[in-house]
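So, here's a batch of structures to check.
In what follows, chain A forms one complex with chain B and a second complex with chain C.
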Partner chain A sequence: MSETSVAAPADLAELRAMLSAVAGPINFIGGGTDMLIAGRPMPAVGLLIDLSRIAGMAFICADDGGIRVGGATTVAAIAAHRGIATRLPALAEAAAQCGSVQIRNRATIGGNIANAAPAADLVPVLVAAKARLGCIGRDGASRELAICDYAPDRGFLIAEVILPRDGLLPRSAFVKLGPRLDLSISRLNIALLAEFQDGRFGDVRIAAGALGPRPLRLRIAEAALAGRKLEHATLRDFLAALAADVDAAIPGRNSQAYKRRAISGLGLDLIAQAVGLSPRDQLFEDVVQ
Partner chain B sequence: MNQLSRRVPLVDGVAKVTGALRFTADLDVEGLLHGALVLSTHPHARVARVDPAAALAVEGVHEVFWHGNTPAHLYNSSIWFSGQKALADEQMFPQVVRHIGDRVAAVIADTEEIARRAARLIEVDYVDVPTIFDPEVALGHAGLPLRQDDTPTFLSPVAGETFVYGDPEAGFAAADLIVETRVTTPRSHHCAVETHACIARPEPDGRILVLSPCQSVFAVQAVVGQALSLPSEKIRVQKTPIGGSFGGKAEPILDPLCAFFALKLNRPVIIRYDRQETFTATRTRSSVTGRMRIGLKSDGRILARETETLVDIGAYCTGGNYLPSSMLQRLVRLYDVPAERYSGRAVYTNTVPAGAFRGYGSPQIHTIAEISLDIAARRMGMDPVALRQRNLVGPGAIEPWQGLDLGNARGRECLARGAEAFSWVGRRQRGVGRGRWRRGVGVASATHINGCYPGFHEETTASLRLLPDGRAELICALHDLGCGADTTLAQIAAETLGLRACDIVIVPADTDTCPYDLGTRASRMTYICGEAIRRAGVSLARSVRAAAGLELNTPADDLRLEAGTVRRRDDAGIALPDLAARLASRGIELPAATESYRAQANPGSYAAHFAEVEVDRLTGRVMVTDYLAAHDVGRAINPMLVEGQIHGGVQIGIGYALYEDVAIDLATGRMRGDSFSRYTLANAPEMPPLRVLLVEEGEPTGPFGAKAIGEIATIPVAAAVVNAVNDALGTELTELPLSPERVLAAID
Partner chain C sequence: MKVSLEINGQAVETEVSAALRLSRFLRDVLGLTGVKEGCCEGECGACTVLLDGKPINSCLMLTFQAAGREVTTVEGLDGSSGLQDAFLQLGAVQCGYCTPGMLVAAEGLLLDKSSPSEAEIRHALAGNICRCTGFETIVQAVAAHAATREGACR
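Moving on to the complex of A and B:
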């Protein structure tokens, strides 16, 4: 039985060479916030590659085109990035609400995806934004795939997250519901990207976490909002649609009864954030009377 | 004379924050071996086979222990002196495991890593036997086959307490309103930062030394002695620094195992639990189902009250048999109720054992009683503050169960001054609002004990001795659990001697060098140990003045101790180090004093807490938005530490009201909340603005007028928060914690 060895490649070229040269099992470690906690056995054998020191794997590029985020970029860096706050505020918001200060300082966007937790906070935003992942395979070669096609057991390293320009919409929002405000695993989280002009929604994409093994699009709710004017009737239809999405996602689950109700509160918070209103605005209060 | 009512920093604070203080797991002990346990994965099963072969084959493994090669002596981990009669149903490694997390085997190896790896290789065959997870079901059950020979070993209830006072029937007959409630409190866990750990080391003289972060070295000695069938003089126990306990370390759990392994292998042994083991294999606060019936006059007077409690004590008795009576003891100290009937029962279930947790029954019974009283207030349209004010006991009241004088009981002042400071009336008039978010306010009163009088030989002994450098050494078996007892007690000693708290050298509790003490429990440190220390200090001061009389050519009565100096009236004096040097040069022993103090009273500490909450009617989330805690502490020796106790108590209480539950699955017996990711504590962002108001009217029997704060700080919190939620929503929620699911279900 061979012990685990650890490698810390300095750049992507060295990493690629390592991947193609090593025959045994390989595991990656980014921030380690899920891997290093007690109760999770570390891999007993093979090579553990530390991604935190690879030059060029932690970056954010949010120019006029799309947005590109290096796989080893920390959640804290995403939360603090001005370009992301401007272009995709939902991602900044999700990053700001992920874990605790200490976790955000270590955890990476690549790890948030690869850890594949159903409640991962960044992933609904990425799904709604139709993100693509720039991956490196075991052969050291690059390939790109849609986030929906990513599976952690295929051995792909997430080198960068690509948010194509045409996937972004002018408004976005992220809200979560956990047992407490901070250091909280989402019981429900929702991301929304939308066009919204002159009080009317255009194209709308919504994805939610903790409603299944992986975040999913809420198609019924999207349809209830798309092309509609922001008014009481729309919001009522939207809330009913959200409940229908929950019913479709987790029929018969213990949590269904709670989540189908609670999602209405989250839904209103989501719309308020997206259009820049307070969730305590009379518009929303009227809907729940 | 300036140590009282002062915000003296913790005497061990710098050592703690710089990391200089070594906790048990950090201790460097030569030749230390490491243990890892195999814990049962079955809730109730006969351990048919333990195969250690694969574990023993691992390099670095010294031994595997299980029921086949360890003593089968029955013991009770809650006893506090040798020879104490108690229902002994625990064993190091029982042949029939009674809960998931019960002990099956242990591996001792060169490192913890090897021990844990080898422990996973031990093969265990379990033969399942029927389980009981629900306390109501346990009541109807007449016992289970638990011994090897299938003999039933216990009956539920394990213990009961009944009490009748006055004429309850007449009281209910005269009542204008009778309210009946059923309140359930969750099983919560201590979550101390330091997980459980213990080191045992064989000594050259054949004795065993146990190094334990414990609440009483003498309790550890007694339990280890019972488990190993060893006489006390063979066991020496030293207290190590404690990284939080809250009652979780009151019962020695690892200590008997470590002691046995160390003696057997003739090597020092450490076992330390990880977080999950501390959740599943130590203790919790018992969950209680309370049924209460209150008969009231329309003016708010309580005429009669009837209470039934059902306590789930888990798989082993430990101290759970005391819970029904300790809940009664605390219940009858708060209100002047002319007719009372109480019946409490404790039952076994196949779940992790319950034990001490900050209040020992008080949080449960006051939560039950205060939520019930609030429901009564709402149903009769009376202000909950006014209803309480009408019924609270006052100074000099005698409680009906043990006939004890409750001392300078200032619950009414807490309520009145707290309500004023919280703008209670104004906030209630503002209303709850109409929309998605509703605001509510809640109040709860509480009382708690000061020590164990009249039971349990409530006395302690303190020795103070002048040191050559002018400081004073304090010997008293003290166990500061992290909340500052050592600092408070050093202030008391220093006050009597004209020194500063940091001039008092506290000798760590040690069964070889300290006189017997019950330990840190029952809110007795300041009130009981503090009084013994005060008396020893007064006595030492007298000796020091007498010794200085000749040096200063002044009668001792004309001398005073001040700033480390013995002074005459004209301020001429001699510094204590100089006095010590002169005495030493003449071959005179330095002054010392020992005083034993036996408690003569058990007054009540009192409190009133006020909470404001906001409830989201769509998600069921509750936020506590403002909080005020008013406490009758007699006198605050150290207001900063008193406030610290209250802040921590409120935080634990908010968790108790809203989040905390180890959540035993009633189908499988598994604990769902066995990690910090699944067990939600109220962390700092959840905490509301928190004000503390101290009522300092002085308790004549307490040291410098002081009474206890440690446990009562958390007792009224859950009820105040729940009452605020019920006020906000117009509900009668009585099942804790108030999870969002429960809140939503109540507002259908």
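Moving on to the complex of A and C:
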């Protein structure tokens, strides 16, 4: 018999044992908001494991040095968490802008990463924060890897997302551009983490989605901001650098001309959010003149 | 596989296939046809139900995932609360296809926030599409009902 069977392990220990004991294909389902979209093939054989009710997979711990988020934590829980809103506001913002209330109540952070969509909204924030993933393999053993080294086809379970303390910076922001205001898949999204004191940027990390198969760091734009004062000249260099990053990421793509322009407006909104200014502030108006 | 869950306040125990979506189970097996399927992609919200009091798209959940949990469909809402009446009085229903999903999403919002602002109402209903009314009367109905419900609680 080769029909799918299902399992709902009660906790991580049971899940871990199942991973190593079961022969044959195993698939995971979190919130199902990517997997169950009509028209996508459902796994036809093997074991389908429900992650959405496992004790110990949905938690947020933001009170020690870094932040840890369970792999089956919902996007709604992330959007509503006070600790995340203070320590990494960009992640709360990205979560709040995912889909609709209905989607956020089911969608999980692990699913957002494992689905590996180029436009996944949480991933640029995680990349900019140098997130690490606590994974469990088919052998039942734990391993930790950098988010950039995660490949969905290896079948690893994402048990938790780890945001180490030294990856977090005091300021952060997330902006996205979609076809409409609510419930839209990003055409472009950008996350920024930065040090910013006395009007000057220190260390800066920026990552963007929908500019390639997976979210990537915008190194030219990072260099244009790092160590510089927030003023007209810096912002002009920053906008030119963003366009250069787009040119490097998607040379010759149909969307290149649109995205290299669109990223300017998005880039200024990103800075405004990070430093706590209105996007209508004269500083930004002057730069786009 | 066998699952037990609670639907509209009643315990249900049943055998379901692994791939059965919750929306199809509610409609086809239990006959709760207030649950609509407009897209099966999470876009339209016509299939909205409450899972432990929170709105979700029942088209994007497998039935076995709901084991041990509480599901509320439009049939399980308190018809005398006045929410449905507000929809009727303010003309928030035309063809009616979106209405059950709208009512459930609105109920989910009001369980979470008893006096939402207009912006909060619009945000909470952003996952529900109505092709007839233009949304204005729906937002008004939820706001009007929230005001009376708040009044009644004090």
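Here is the rule we go by: the second predicted complex is superposed on the first by the 287 of 289 C-alpha atoms of A that agree within 3 Å, B and C clash if a C-alpha of one lies under 4 Å from a C-alpha of the other, contacts with A are read in each partner's own complex, and residues count from 1 in each chain.
Definition applied: a contact is a pair of C-beta atoms (placed from the backbone, for glycine too) under 8 Å apart; a residue touches a chain by one contact, two chains touch by 3 or more.
The model shown is predicted, which means the values in this text are computed figures rather than measured ones.
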{"item": "Chain B versus chain C as contact partner of A:L192, first or second or both or neither", "value": "neither"}
{"item": "Touched partner set for A:D182, first chain B, second chain C, both or neither", "value": "both"}
{"item": "First (chain B), second (chain C), both or neither touched by A:R53", "value": "second"}
{"item": "Partner chain in contact with A:L15 - chain B first, chain C second, else both or neither", "value": "neither"}
{"item": "First (chain B), second (chain C), both or neither touched by A:I147", "value": "neither"}
{"item": "Partner chain(s) touched by A:A77 [first = chain B, second = chain C, both, neither]", "value": "neither"}
{"item": "Touching both chain C and chain B, counted on chain A across the two superposed complexes", "value": "38-39, 181-183"}
{"item": "Complex interface listing, chain B residues touching chain A", "value": "274-276, 434-437, 616-621, 659, 675, 677, 680, 682-686, 740-741, 744"}
{"item": "Touch list for chain A against partner chain B, complex", "value": "38-39, 177, 179-185, 257-258, 261-262, 264-266, 268, 279-280, 284-285, 288-289"}
{"item": "Residues of chain A defined as touching chain C within the complex", "value": "3-6, 8, 29, 31-33, 36-39, 42, 48, 50, 52-53, 76, 99-103, 105-106, 181-183"}
{"item": "Interfacial residue positions of chain C with respect to chain A in the complex", "value": "1, 18-19, 21, 39-43, 45, 48, 51, 54-57, 59-62, 64-65, 67-68, 105, 108-109, 123-124, 126-128"}
